[in-house]
């Protein structure tokens, strides 16, 4: 498979999921008061966190495949599985936004995030094996930490549901910081 | 027509249909219980099967047109017809997800799949004729088996509606297996 | 403006509009009978006609810009106006699908089609002037006939609303036939 | 990051937001009268203004990045922030369309526009710094005027809500005019 079409399809799906998320934020058509904004607040926070999550997925996906030349069927279908977990995010995010203090939606959301991250871990190891990428050790350490945070978040969300967002936020801060550190170190090496 | 714009448009439509599917999975905004998840279960299964179907369409479409250099008007419009059948999948999937034990939605869904596959058979033969692709015999055998399974599924769905998903799943397993066999044989031939 | 980004954006918008159309075909979630299909029939016909219309727009847009090298601001903004009229089609199509025997939705739909076609006529003449395309005379004759059909459709739709679809269908048959004639003559000239 | 994938993702998100906007214009399915069109009129005006706003964002984004060779992480994430503000436009536009005479929706809408424009100002200065673009002085003057208009609009919208659209329209007329002036001066310099 040509890498360009593979990336373009992945990008299109991610862009659509990112934008479909917002369809759940419906400001009340029968009220124009400030209080109707505070009612939407939990949904809005859910939206912000998932938006950043999907943006991070896109940026990480780009960096992973920028080093890739060969896309085989295994990589193709694991990537489709990753898109599948991502495609469930609008539904699980909306449910958690509606019930920010309930454990079932919180655990479902954290499970969705965890399953995505496990799939990405598999995808990354497949890509690394297939393309003989050498600088992969650091990435794996980062991913194990990320997986640890996701698992912990899943467990804490049973007792304190809003932690599903807090745990994911910590995870995202680490990923985005690493991107900037990577950027700086690359600049210094020039 | 430039092949790139043709493929990009097809990919965009497939990516949007794939993602629009999920809009039908609405977790209840007035309940956060586990039982509300089991209620959504048939819709979820419908979603999973159709998601894999559309992903397979995309992968097969890619492999078909990776060998192509000329896109004439006939190919263009048969491709648009294929996209048309695909575009109906969110509606027919949602209806079957709502009524998993009713024969009318099951037959409609299986008919949708069958009409798509007949259109793809025509598209493939047009592409093969126009571009003098030599290794097309094996593909046609596979497609006749696939068409047989689709027709059988349509008939069985009259008596046992959930078979519409089972029949399609068998079909998809065959297609995806063939992709992997093709991948391995290509590797061995290198 | 780079032609590639211009075309890619146009294609993305057209692909999304094409796919959003189907969101209006909602099979009833409380009924699985055959009669619920006949109720959806007018909406389905509306969907089919508008789907073919948007596909034709996309094909024509491609042929027009395949001959183009320069995209200036005028072309850019007239193209955006054309996309604007297209973006209204899901709303006007759905309304007409709901009220196939009412003149207001029928006239609104035909007006939408007419305004789009006038915009495309302006776009085409801008493109022809800017890029010194020589084989434009035939195109203009075709477009005047098309405009005549659209205007006639708009008037007839006042008295017989379903003609809004019949008139557009006649127009589309002419356009698509011309594409095939063009294809054949090009083949013969080789 | 490759500039092509960055632009393609941005374009996809903008194209989807542009098209999702129209989902809020629902013509009444229980009425086919002319008066139902006048009821939709405020929503339609809201749609038109935001449609032009997003089209302008896309055109400006193109011109900005047509001069760019390097995309670093800072540019990437400020761009994602700009897409975030844009993604809220369908929700804030729909709310204002429902309550054209209420100050809360009007202020929220104008705030959304202002936050986007501040983000674009930061994005532009990052891009200019990183790529040593020399002709940036004129752009900045234009942007300060634009920011002034946005801030004024926000304040006036408290007292006269419909001004949120009038203020943005003035802003857009200036931006689009500047594009045409830029186009003409470029032609004369040839």
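Each chain gets a letter, A, B, C and D, in the order it is written, and its residues are counted from 1.
Just so it is clear, contacts are C-beta pairs under 8 Å (C-beta built on N, C-alpha and C of every residue); 3 or more make two chains touch, one makes a residue touch a chain.
From a predicted model like this one, the values you see are computed outputs, not experimental measurements.
With centres set at the average Cα position, the gap from chain B to chain D is 38 Å.
A separation of 27 Å divides the Cα centre of chain C from that of chain D. For chain B, residues that reach two or more other chains under the stated contact definition are 8, 12, 16, 23.
Chain contact topology: the protein chains form a single closed ring, every chain touching exactly two others.
Contact annotation for chain pairs lists A-B, A-D, B-C, C-D, with touch applied as defined. Looking at the complex, you find that chain D touches chain C at residues 7-8, 11-12, 14-16, 18-19, 21-23, 25-27, 29, 32-34, 37, 48, 51, 55, 58-59, 62-63, 66, 176, 179-180, 182-183.
Contact residues of chain C toward chain D in the complex are 1-2, 5, 8-9, 12-13, 16-17, 20, 23, 72-74, 76-77, 80, 83-84, 87-88, 90-92, 94-95, 98-99, 102, 104-105, 108.
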